[in-house]
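In what follows, a single structure is set out as structure tokens and then discussed.
Letters A, B, C and D name the chains as they come in the text, with residue numbers starting at 1 for each one.
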């Protein structure tokens, strides 16, 4: 049971981690809780379905599986990046410099809007996410492991590594870190702050899109309110890891998912969310800087 | 080179700049003195494009730049060392310097300039792997100036470079500034330390409550009884 | 100038309420359910059934009340399966002079709304709310044409004990009035037959990953997993049981999962799922004409609750015509007074307002279809 | 002109965004709609910038401005106030049962919104879990009534006390937190309470909720009609308004205002932050409890479904839309957000979407709300310099 719960938790953790990165990046740079981030993830899953439908009618899913998989990830990534950038432009940028309450309320409004917009145009019923990858499963230390689970873990870890490299090594990545530390100063050395913020939203949204498509593939079912719960959990993960800290968000995602998984398995399935919120509250009260807040400063974006 | 004409700026509801006009000629060091809250930093931020000017214009070699974005203004050769230095605390010294050359694409030139600023401030070379936030105040000021130089500015804006530093360090810094000046970079200096500023500059302005009240050669100002009383503490 | 504020408020109030005051000389029947939202599929079934019945009556010139023939008008109420919306709609119906109510869909909504209908003396027939509490409240004007969860639970328990002869049962539910109610009734009847479930737990509705709780259930080595709840969770549960954890145990559930999504999305994993449900209406002789009309009118097959809604509407209108009154007490007395010949076959109400005979039989998923078991 | 050149581009952009989800036909309409909105906004801006009020847009703007100015004017006129009160008292006799019921709900929301206003508007503490206290009030009456047969009037006191106690219990651990963190922690608390109510079957009946909650009695008269509740709620609303108004002007009210503007400075001038914060939480929660008890008595049925995060958001919207810290503003917000959706019942599907859009628009265009509180001119406006990077043009 322990090994199985570990596997269960790791897959959910990969999803939490990818979404949490978006929260942490945006918080790092704007000190804003982007409440609508969970909805971007949900939109990613829906765009994935739309892409699959088009590919299906073109017959591409049969003839060229590899290309289909690439497109099913790529197009939602592009769309979510566009949504993220638009979101920032419409709901947050006009409020920069306003009291902190205003963007937060605007963010909640945007979350409500996007969630219900999808409900209006896509209908409220659950949507099937067609199964693209038929991967077998095997047993490992008494736990069932599915090929898809490994696929998801590899993608998540790979993206995380790529993001770290981007932030550490590239010029734009350094500009992101500089902007997060001192926005005005960054503009004084010639950084176009608005562009950097747009890029930050785009990156966060791209990661959320990947998470959305993966969740669609993994569970086979998507609806318009998956964004809220996943968003809350991912935010908790980001706080757990130390908000603003990229490595922290990643670890926080896995840690929260594993805690949840073991709690649900060994203690109580119905109090699982209570437990997750307890973790959030306790961390915020006793260690608001998160588990990596003290030591991982170098990672701060 | 740089000209401000009747600049007005509002900080919330406060009319912080009430018609500031001044000029920096090529190759000159111009200083702006005034007490706390007179609007000196607001003026610099207006030039750098951070503060949106409500009225008036800022001309760089005859071209209006007041509606441009800050990054565009850096690209045009104006770079500011803001008050309080504002080092990126979690970036290393080297990364801070690299940020200074953010807009440049000539890798070779950047490398050269890196060596150049390290020759100006050898201590930065020693500390290049250290995070900016761990430097001492004087080192941070040096880093801030070096960072600004990395953008190869034609005009350097300096906001209170002597603030809170030991006299020996101030001396080092002004020696370097003199070298920069001699190499042909224009300097616009904002200082509370009027002695220091007047000694260093070719032209000086005095600012009070959002307005320029005097503008003359430093020698003339030094002899003015008003300036003597208010800023030179005599 | 505060007067301007007040006058603005007064005008606003007046404008809002004047709009709703129009009355017309038609017979009004309220139909309420989740017409929009994630359960809109069920709402649509209610809607189509009621529409079909009313259109038939109106084509015949309306309902004869006393001497006058009155056209029937449906008042739609979208409760979005929210109890509070339900109460609000109930007030609206009562206020608009509804002579009877077909609805609501969800037990959690029907129960609080029934208080309002009962206090106002309006007859309510639910086509789908199966929670026993609804008719246990003692309101004389509340009826249901569908079965009760305890009847369903009994059928399920008996099948498990008598036919399948299984001993190790895991019970899960989605923590809703319906789901938990159903699971608890099944558990009660199983225990009555001497089978104590080896695992019992709720799951969080709306969650996506149920592998942790299923892993825990797997430890108890169940031969059958019984789930009280509706299809989205059932799909995820059965998929994750089979695909993620390799569980071979049988999967059994109630009428809440009977939608085409269940076998379409769950695919292979859904095969062999056992369901307690009402007998196949499409095979009922009495239902054939409705099914045909429905196909013609809406271009698709009837849903699980379409005919129930059709029958409920017809019962109300018949009673009005027979008694020549719209008074709740008279209609209720008439509804109880006889055995009805309906499109669902013979129906008779007991004192509480429930149908006398338990209507549940067993179905299974076979070849991507729901099939009634012999 | 360049302002207009981007109009078709913006339309195209939104059509592109909508494409995969809404289908090409809807996307076309969405694109056109967005373009139209942007066009109108740019036209208004352009005429506002030239300063001329001659154009049609200018005239509309001038008209709106004067309309607001006399709604915002707050000189007190006793005669009109008593006339208004009289009308309010007479209202249910002219209305039907359903409309009265809507007004009862409005009244409950007015109490809730005024309570939340104490926390958010007066004290500046963003509480996203306010509905938890509402739930505590409702459940304390429901449970005490069904177990011990406690009647409505004493329960009103007990419910308020329970909620206030919860306010303090939840307030103590979050004393150190500010801004966003406080908002998230309160959100977490709100969800925890709802989930516990939903799962603690033995006590709360879980999702089944509690049925058959007793109606209040007035002497021998059983209060059950919407009209009865109308007067009950009206009375409680008047009490609420009176007390909240007094609070605002009291010493404590000034301490809240000081804390809202700057916690550190407030502490330096001698405001006891612990006491001030806790009292804000307790007062806010008490009113939620008040509303909860009335709600339970009115519905006779409560279940955790009525106390979701969305409910907290709606109440927050009332406060924000009406005008934070302004008592008439908050009442107006509560009125609009309960009556309008009822009137637009046909648009049920679009309601939450429009609400979300309205929240964003409100923050972007009129962050101070419909009615601005006196002495609040700066609370929600920018105090930072007008900087280019942040101006968003």
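Note that a contact is a pair of C-beta atoms (placed from the backbone, for glycine too) under 8 Å apart; a residue touches a chain by one contact, two chains touch by 3 or more.
Since this is a predicted model, take the numbers as computed values, not measurements.
Peer 1: Using the contact definition given at the top, which chains are in touch with both chain C and chain D?
Peer 2: A chain counts here if it touches both chain C and chain D, which gives A.
Peer 1: Count the touching C-beta pairs: is A-B or A-D ahead?
Peer 2: By the number of C-beta pairs in contact, the winner is A-D.
Peer 1: State the chain with the largest centre-to-centre distance from chain D, centres being mean CA positions.
Peer 2: The most remote chain is B.
Peer 1: Suppose each chain is reduced to the average of its Cα coordinates; what separation in Å results between chain B and chain C?
Peer 2: Comparing mean C-alpha positions, chain C is 75 Å from chain B.
Peer 1: Distance from the CA centroid of chain B to that of chain D, rounded to the nearest Å?
Peer 2: About 48 Å separates the centre of chain B from that of chain D.
Peer 1: Using mean C-alpha positions as chain centres, tell me how far chain A is from chain B in Å, no decimals.
Peer 2: 42
Peer 1: In whole angstrom, how far does the Cα centroid of chain A sit from the Cα centroid of chain D?
Peer 2: Chain A and chain D have C-alpha centres separated by 30 Å.
Peer 1: Return the residues of chain B touching two or more other chains; collapse runs of consecutive numbers into ranges.
Peer 2: In chain B, the residues touching two or more other chains are 49-50, 69-70.
Peer 1: Considering chain A alone, which of its residues make contact with at least two other chains?
Peer 2: In chain A, the residues touching two or more other chains are 119, 184, 187, 193-194, 270, 273.
Peer 1: For chain C, which residues are shared contacts with two or more other chains?
Peer 2: 36, 175, 202
Peer 1: List the residues on chain D that touch chain C in their complex, please.
Peer 2: 70-71, 73-77, 80-81, 83-84, 87, 91, 95-99, 101-102, 105, 198-199, 201, 206-209, 211-212, 224, 226, 299-301, 303, 305-306, 328, 332, 335, 339-340, 342-343, 345, 348-349
Peer 1: Sort out for me which residues of chain A touch chain D in the complex.
Peer 2: Listed in rising order, the residues of chain A that touch chain D are 31-33, 43, 46-47, 50-51, 75, 79, 82-83, 86, 90-91, 93-106, 108-122, 183-184, 187, 193-194, 228, 232, 235, 239, 270-271, 273-274, 277-278, 280-281, 284-285, 288.
Peer 1: Where on chain B does chain A make contact in their complex?
Peer 2: Where chain B meets chain A, its residues are 48-50, 69-71, 74-75, 79-80, 82, 86, 88-91, 95, 98-100, 102-103, 131, 147-148, 151.
Peer 1: What residues of chain A sit close enough to touch chain C in their complex?
Peer 2: Touch list, chain A to chain C: 1, 4-5, 8-9, 11-12, 119, 123-126, 128, 131, 137, 144, 146, 149, 215, 219-221, 223, 225-226, 229-230, 260-266, 268-270, 272-273.
Peer 1: Which residues of chain A touch chain B in their complex?
Peer 2: Contacts found on chain A: 171, 174-175, 177-178, 181-182, 184-194, 297-298, 300.
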